[in-house]
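Before we start, here is the structure in question, set down as structure tokens.
Labels run A, B, C and D following the written order; every chain starts at residue 1.
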């Protein structure tokens, strides 16, 4: 039996698998939210999803368009104020994993969601930091998911909105009360992890059918590959069914709106 | 028609009259609570009573024994956490008047509720500061009510738990974001106000039948009397009726408890 | 003590040219009706504060009301850019807007500190971020007990805050329910506050620890039915996600935006889009 | 993730001799059953933290469990003194207890800061008070934006917190309702937390913004019916004001206290007085 799936589905399913049952996950909107909810609907029914809008332990039936859709509150255990969310739950150390997207990422996993070009005269103005700068430092660890391209994977981000490991890979060293930082990056081509010593991103697993050259061509620096380079497991039929149902439900819900 | 009343009733009625309708009042337990509720039940129906237990705008039917009786919550507009009460409502500048009792008070209106004697080897250990230190500095002004005696009115308090105007009367001068401090002290004998210049307590009004000598005998320093020394208005029949009903209701309620 | 005013009168009385203004509502209960009234009254040189500028500030900036923007995430949620904000920042249209950029954690703490009457908020924030290098409002202090370096930002203390809520009772006490964001903080931190509500009721029917703001802590209450539309009001109407997507097209082009603004704000009486 | 344990097992597992312990509940929901279990297990050298020590700490101190006390108001509310606390402080019986004394505002902020994972709390506090001269945990910092001098106190971060709440659901999520004090903060600030509840229910039936603490933020839940008695549980039973008055007589005398303790705690199985 051969299973058909898109590279976007491969990315989401792989990102979902990174989450373990029972983890508390601070969820960014978009791809992270899709992956986190897929995890909840498949192998990790007790994963705890937390959105920065204040919704604690939420179980939306469809994917939210915004970080504060009504669905998130209605299906949450409880909803707290935004200051409480950032103070007690994130800074207070209650989050196992922060799940983030980004516009740019570099070899030391630094994230840029602020702007392309120079800060005073930007070529492209991006939305800004939002919750990410403190999610990346206060959560126990960080997963990052985004599409792989030379535009997004750059040698040096134009601006460090959110810390990975700094310009030299050492920015977390000796800092008290800081999380482990990014532990894996999941794209539509592969899975990467920071080198335990240098913190430079290393490809540890290629998605089925993806070549080393494809990854290198989509990366803005000479990326390292692990000596033991794995093949990422394929999505199962069930994972794909659940993901497609979720996306179809979401589509119908948002299309049906006034 | 002659009206009979006790000196304790005179004190409570006079303290109640200090509160104006619509004021927001942070209420201490005991005498202040009795006076504040009498005000609410007589001339100031829209006085807003706030207790440090988090009960905002409460209207208890009987006087609470503790600062956090269930009655306070049940009759409140809403109940907030204790950190929110002290941060947003008191320190946030939402309180017009703090209404306090005390164990000791001195000529500069400093309050001691910590101990008698030396801190390291106390003769009598009192309950401590509670909410008073910040009520006295963050509220717009402070009313104080207590029974008059040489034990309570001392030249210098053993310990400044809560600031009046300091050991020299100048401790509020030049301090940013501080309330006006004590503006009147009501006892069973008289009403006192701080001198506008020196901040020393001055008797401005004697209760009916009370003499200058009685006040001096009950005060631990040579207390000043205003040139224009008023006589405090007597309680009205209605005020006494309402107060006695309130106290009888309170008595019945608490006696009837398991 | 809250006074019941028309939205027109509340904005005319409390929002002055040059004022520092916070309009809050985190995705939920965004005060669009109030924002549109500010646009209609052609207020100018405002310093606008908001964690997520959203469409409401895109509209205010495009309409030329803003001089400065203090924010932490300036996108159209789930859709993309705020084109009017970008046009102002990148091209200076209709005029240049100065931006002061924070993280959500810092803004949330700054609202909290403002409500708490403090001049600063302290947080474990901005570690390794380059935001402090472009925003001189971000400083660092040392904990006197542990020596830890912590971020400090000025508290948010707007001249006036505008928020939307579900309902008020006849004394002006307001209930906010669902995603409550930083609305309570915005009201308590402000010099003056205007709350628009869906309706006035006899009884708020709130639980003992619900988010209720007493009328005496609010300056003006104005009824604005669907006042948060196209965002939503929990228990009243859902978010119009379609409009949020359509906004991308409307706002991308200056002329289309101007036409939309004329039709839906300037010529729309006191109604929100 | 919250584990359902007997109160005996929860205390035996998480409260160690020498630990820093917070038992919170502001007049309401005071965890008497948990306190009595700590006494029965003869825990020693505890640093006890509580805004209002109340009868529960009078009992713990009289029973010899405490080495230090961090507090802000140590009386019997509406009645008078805590005689066991006074006897320990004034006469060293059953042994000397070291006290660290704060104001309520500082303690409340210190719990808040503990829950927020910060090492310190900053407040506009202690102005003109002599408490800073007798408590070296009170320091002052200067605001880097305004130059204002503000008080700083270490955050409260107990090894273990014990609180009582109305109910938990079968996943261990807990509802606290009414006067909620600093209970949420006590739980979130602590290394380990034990929550006693009146009952386990299928559905908490809580409003959208109720004070609900997720089971995964709690270590142990123990059912303790009337676990807050003689304080009260909103919706379950009232405060026994008469017992609070009677305590004055019981606690005034060492022998009377010892007899009460034997009869009502040591020989009372797992039941609260």
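The rule is simple: contacts are C-beta pairs under 8 Å (C-beta built on N, C-alpha and C of every residue); 3 or more make two chains touch, one makes a residue touch a chain.
What you see is a predicted model; the values in this text were computed from it and never measured.
Any chain touching chain B that also touches chain D appears here: C. The chain pair with the larger count of C-beta pairs in contact, out of B-C and A-C, is A-C.
Centres computed as Cα averages put chain B at a distance of 40 Å from chain C.
Taking each chain's centre as the average of its CA atoms, chain A and chain B sit 57 Å apart. Per-chain CA centroids place chain A at a distance of 28 Å from chain C.
Shown for chain D are the residues that touch two or more other chains, namely 112, 117-118, 123-124, 146, 148, 178, 180, 184-185, 206, 208-211, 234. Residue positions of chain A touching 2 or more other chains: 73-74, 79-80, 87, 91, 138, 177. Per the contact rule defined earlier, chains pair up in contact as A-C, A-D, B-C, B-D, C-D. Across the interface of their complex, chain C is touched by residues 117-120, 122-124, 137, 139, 141, 143-146, 148, 150, 152, 154, 177-178, 180, 206-211, 234 of chain D. Residue ranges of chain C in contact with chain B, taken from their complex: 1, 112, 115-118, 173, 184-185, 188-189, 206, 208-212, 214, 216-217. Residues 29-30, 52-55, 64-70, 72-74, 79-83, 85-87, 90-91, 110, 114, 119, 122-134, 137-138, 159-163, 166, 171-172, 175-178, 254-255, 257-258 of chain B are the ones touching chain D in the complex.
Put simply, chain D touches chain B in their complex at residues 26-28, 51-52, 71-75, 77-79, 81-82, 85-86, 89-90, 101-105, 108-109, 111-112, 123-131, 134, 146, 148, 178-182, 184-185, 211, 232, 234, 238-242, 244.
Per the touch definition, chain A reaches chain D in the complex via residues 22, 24, 48, 56-57, 73-74, 76-80, 87-88, 91-94, 138, 177.
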